[in-house]
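By letter and in written order, the chains are A, B and C; residue numbering begins at 1 in each of them.
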Amino acid sequence: MKFSSVGRHIVIWIAIVVALFPIAWMTSMAFKPPLEWTSAAGTVSWLPKEPTLANFEYIFTGKSSAYPSSTLMERTALWPILSSLLISTVATLIATIVGALAAYGYSRHRFGTNLPFALLQLRLFPPLAVMIPVMIMWAYLDLIDTWWGMALIYGIGTLPFGFWLMLTFLEDVPVELEEAAMIEGADPARIFYRITLPLLKPAIATTALFVFILNWSDYIMALLLTRKAWVTLPVFMNDLNSAQTGQLYGAKAALGLIAIVPPLILGILIQKHLVRGLTFGALKQ
Amino acid sequence: MASIELANLTKVFNGVRAVDDVSLQVRDNEFVALLGPSGCGKSTTMNMIAGIEQPTSGAIRFDGRDVANLPPNKRGVGFVFQNYAIFTHLSVRENLAFALRVRGVPRVEVEARVAKIAAVMRIADKLDRSSASLSVNEMQKLAIGRSAIAEPAIFLLDEPLSNVDAAFRAFMRTELKHLQHTLRQTMVYVTHDQIEAMSLADRIAVMNQGVLQQFGTPQEIYSAPVNTFVANFIGSPSMNLMPSRIVSEGDDIMLQFGAAGALKLEAGTPLFQRARCANSKDVIFGVRPEDIEFAEVSDPTLGLTLVAQFIEPIGPVTTIHFSDGEYRIKVLTEKRFRTGLGQAHRLSIPLERCHLFDRESGRALGADHEVGGRAHVNA
Amino acid sequence: MSAPSSRTASAGKLTEAMGDAQSRRIGRLTTWPAQALLLFIVLFPTIVTVYVSLTAWTPLDGKPWTQAYKTFWWFENYWEILSDRKLFAALGRTLLIVIIAVGFQVLFGLGLALLFVNNFRARPLYYTLILMPMMVVPAVAGYMFLMLFQSTGPINQIISVILGHSFEVVWLANETLAIVAVIVGEVWQWTPMVFLILLAGLMSVPEDQIKAARLLGANWAQIIWRISLPRIKGVLAIAIGIRLIEGLKLFDIMYIMTKGGPGVATETLSLYIYKRTYGDLEWAYVSALGLVIVITMSLLGLALVALMRPSRRVQLVHVAK
């Protein structure tokens, strides 16, 4: 296909540069010493004049030789990272397992006919519109600022994706296989473990990764439902200010870089199925 | 009106020679069938004529003009796909009008020509329906009409009748032939159905594994196959091909068939000549089931004796399978044949309608066949 | 074979094979966790919301919400919603930002998708690279653009080069420019999603039809216009619908870049709610507002499903086989 190949490549390259520029900029920021990004710097240069790991040192140890000694953090970034990891993982387990089971029950046994639409509805409104009763509930149940409280709300929040993704994958698995097993005399549990489940392994993996990315990326719910103990990475990053020097751009950039790496990698892994997840199965690639 | 010339056309995919050095010429207004089993390269060849695929080497010429640099939309060929490729989001009318609309033909003329072609294809009553709502047969007519409306000089059809039901197939065969004559087009027709090819085509190009086996009229291909592949492919049931041994007994030549018997070749007959010139004593003997008779002749040199194994009565004709353990022969007969299975019968073989092939290469033995196996029969 | 279950119009795929009773048992077993979670998040919050929305309670009172009944003032909150100018201003801003942003997302997304339809050598690599913005944590994206739009930041530097003189506008302190900055951030992050969806739609156009069109004399522009684009109407609607709904939820990027400022120039619906909740602590009012929003969005959702009926219906009917 001769489609003005050169023209096409130029336009795509412009798009790629635009797409990667902010990421690249933040990466560059992450390796700049404070001198290059505090207000003393004047105009900001593009590449670090003296690349350094000072920012990373700072966020993980609480201090750094490059930083003014007055800017000490209350806590290092390690805990929020682990917090994000734990909460996202547990939430993913909840959303994926509950969602997969329900999808199975719906697809193969037509149970819970309200589920598809109800779970879709859950994603329709702004979280803030419903946060007050959730906060009241969470406070009442002592779930505020706990990892299980966060995992629970995240799990519920991404349950629609867990359900819908697994549903579309289940539809791709022909029912004939399970029916054949039934004719052979196998009982339902065995059929599920030996036939359905193995065929669904890639689907479960894809769903889990998709849901994980969503959970990891949340900001608002963590902002509202955590205080100190279980602050997640995005929230912690934004709070990284110091009284003296204002926004700690370098440190934030370093944290930001760490924050975006997992979803980026996972996203690339499940590239092929993104359309399916994003459109609730209306489209497949 | 256009003639098509393929000159040493070759297409290689990932090291596989899908089309291997094919050369042939389609005359102006001729109906040529590309016939062969799946994977023989016939569709690829046609795709290259259309311009959908590019040859690895070789040339394609329409009326002497090389078309290699012409993109498909500029070659002026009509193409009907096996699965029609109807624009299902458009109405029947819009489908038909498509070729004209993209060329900027004025609306009034478009309307007129659409009406005309719809009448010819007998789908005029469905013009404003959604094309997705048509039956399979109607879709096929639409596909043909859609390509025909632009009155292309060359019409290419890729197994267009393989998805339609048998009754319709017979009907469409006559319609297509009629269409071709009316529009005076050169038609190239891909099929794996030899009956279709034999009944429709002026000439047939038989292909196998990318190689052109034989290019000739249906009669030529039927009665003078160039190798065992063509011999076997054409004719239903297929020709009986049996290994045999040439034995000289003095001035006579005998074909030995083991326990089934032997056949004596008369001196002076074409078969005799060919047997004499054979390179090797091991040959393959070919005779069509419909040519074999049941003989009561007592001369053992003119027939073979085998045991009936099973019978397939298909209405007016019956196919009987004979075997003697080593050889298997099918006989097609119109006579009501009553026999017990397991009974031995003598079969009379009309030698003047038989063929000899070289056992190793499969090539037919004979003076009018080119040594080399590729029959480049140029017009 | 047992008769189809009387509860539903058509049985699940395995119901007939397994028998009604057993199928029901398994169905119940596998769907109850989801139903339980759903109930958990819907039942109590709805009761609380309705209850509190009818009062004038605020946590400032010091009393727990259960005693909110003491400040019942019925539908006052709802009347207030109708006359809340700030709310409608925020809504208006949200719609403005979302519609402009989605417009650009579709423009760029479609353009890129058209370029990607025909295969070319580096396509998989370019594809992956273009998708990256979508996978960045939105909060971090907000931070990225905060940095980029600094007065001494790269965007101003680039503009300076183009204009030939120094350009050091403080984007986020200027009412109009702040909106522009936010829109840029949104478009950057979500164009890949529209691109992804539209490309999937374009590539689902049967190849044979494209070949047929070509052989009928159409050039590439005609093929796109007459064959590809008409076929992706449904897909386009889905993409736009999704981006509009997500856009209305807009919070992360806004909060981090501008916190609604300068003034209220970029205060979207979510930010407005945030301010009323955490700034003014008027929880009763926000509860009422929340309820209204939820009901509205649900109705919109129903409308969307009805719109997507061709593809969605195939979805649901497919499942009901």
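Just so we're on the same page, a residue touches a chain if its C-beta (ideal position, glycine included) is under 8 Å from a C-beta of that chain, and two chains touch if they have at least 3 such contacts.
Being a predicted model, the structure only gives us computed values, none of them experimental.
Visitor: Could you classify the connectivity of these chains, where an edge means two chains touch, as line, ring, star, complete or other?
Guide: Graph shape here is a line: each chain touches the next, no loop.
Visitor: Which of the two pairs, B-C or A-C, is linked by more C-beta contacts?
Guide: By number of C-beta pairs in contact, A-C is the larger.
Visitor: Distance-wise, how many Å sit between the C-alpha centres of chain B and chain C, to the nearest whole number?
Guide: Each chain's C-alpha centroid was found; their separation is 59 Å.
Visitor: Between chain A and chain C, what's the gap in Å when you average each chain's C-alpha atoms?
Guide: Roughly 16 Å separates the two chain centres.
Visitor: If you look only at chain C, which of its residues touch chain B in the complex?
Guide: 206, 208-209, 211-219, 222, 226-227, 230-231
Visitor: Can you name the residues of chain A that touch chain C in the complex?
Guide: Touching chain C: residues 1, 3, 5, 8, 11-12, 15-16, 18-23, 25-26, 29, 41-44, 46, 97-99, 101-102, 104-113, 115-134, 136-137, 155-156, 159, 163, 167-168, 171, 175, 178-179, 182-183, 188, 213, 216-217, 219-220, 234-235, 237-238, 249, 252-253, 256, 259-260, 263-264, 266-268, 271, 274-275, 278-279, 281-285 of chain A.
Visitor: Mind pulling up the chain C residues that touch chain A in the complex?
Guide: Residue positions touching the partner: 5, 8, 10-15, 17-18, 22-24, 26-31, 33-35, 37-38, 40-41, 44-46, 48-49, 52, 65, 108, 111-112, 115-116, 118-120, 126-141, 143-145, 147-148, 150, 152-154, 157, 188, 192-193, 196-197, 200-201, 203-204, 220, 235, 238-239, 242, 245, 248-249, 251-252, 255-256, 269-270, 273-274, 277, 283, 286-287, 289-290, 293-294, 297-298, 300-301, 305, 308, 311-312, 315-316, 318-321.
Visitor: Touching residues of chain B toward chain C in the complex: what are they?
Guide: It comes out as residues 50-52, 71-74, 77-79, 81, 83, 85-90, 98-99, 102-103, 146-147, 150.
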